[in-house]
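I have a structure I would like to understand better, so I am pasting it below and will then ask my questions one at a time.
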């Protein structure tokens, strides 16, 4: 089972809130994780990203896809 | 400093690969994290998501936004 | 009329479910279609994608933009 | 194997073009397919979407996730 | 010509930078514009968004779709 | 405060509509703005984008992230 995505994080469901059309699900990350981001090289240079920097990784919940294997 | 996004994870940069237009950056998650996803209620029910379930959270790298505070 | 997107598929509306803020619309693909995806070269190599392979193309409904010409 | 996404279309790889950081892959849809979109109820009403309407479904290639099962 | 999206802003191309697979295009907004965002109600309440507030609207370039009518 | 995104537009909140899970917020752009898009070089060439062209920039509301600094 392989995904064409850099991020596939194991997580445990903590809560499910069902709405009329959309639902919000919350998770706990249960194992150490690595992540990857793609951004324009211009943005990368504006941020001056380099090894060892600490950043916040902001992700809208709509972009997180839960999969049951 | 507040974001209109459910996910804002502290991470440390491990590597930066710069391309002509796009760059790929990798991170280590340095603190325990929680995440949230929004999906259609239909998908939620098809998956049968409930508290305690283990899932993979798949996120394309392009949807991860690094921010320096 | 031209879009800056690789995928523009002709489809017929089958159902519309209106919610308070978001709505879910379903379609039938009425003509043979081609699609394209962009992913990191790393993910592409991890998947080992090559001509003739069969894959599932997974797309969250939120990323599908209906247009009436 | 279940995805928290409304769209999971079987497709065959036609071509792969690898770039320095990102790659572009093209597919043929090999089976009849249904699709779903989520949009704001406001946009849905502005479009006047109803059963039987013909639309174009526009999807940026970056939002298409290939998966090998 | 109608889009199932809340934002359709008239803009003038200022520069085009073509890469091997992806290109970066810059624009000037030539007419006063309104925009809309959808976020979880939780994020909306955490931000405490109300009429008259000033915010930054952050959008990754990959999510901007140019269309020629 | 720096974002790994090409677009960060100052805006004023005009209205907030809260739904059960998702909310829709509208804004006025209060200062002249520039924007950027990333698309495949193929789409860029199909559109024939060049300096001075007028286009519509279409953005689904879900991709707009409000931030309070």
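Which chain is which? They are A, B, C, D, E and F, in the order written, and residues in each are numbered from 1.
As a convention for this text, a residue touches a chain if its C-beta (ideal position, glycine included) is under 8 Å from a C-beta of that chain, and two chains touch if they have at least 3 such contacts.
Everything quoted here is computed from the prediction, not taken from an experiment.
To find the repeat of A-C among C-F, A-B or D-F, check which pair has over half of the same contact pairs by residue number; it is C-F.
Remark: among chain pairs B-E and A-B, A-B carries the greater number of C-beta contacts.
For the pair chain C and chain E, the distance between mean C-alpha positions equals 20 Å. The geometric centre of chain E is 1 Å away from that of chain F, both derived from CA atoms.
Among the residues of chain E, those in touch with two or more other chains are 2-6, 18-24, 36-40, 42-44, 47, 49, 55, 58, 60-63, 65-69. Viewed as a contact network, the protein chains are fully connected, with every chain touching every other. Listed in rising order, the residues of chain C touching chain F in the complex are 2-6, 19-22, 36, 38, 62-63, 65. Contact residues of chain A toward chain B in the complex are 3, 5-16, 18-30, 32-41, 44-45, 47-69.
Listed in rising order, the residues of chain D touching chain E in the complex are 17-24, 37, 39-40, 42-44, 46-47, 49, 55, 58, 60, 62. Of all the residues in chain C, the ones that touch chain B in their complex are 24, 39-40, 42-43, 60-61.
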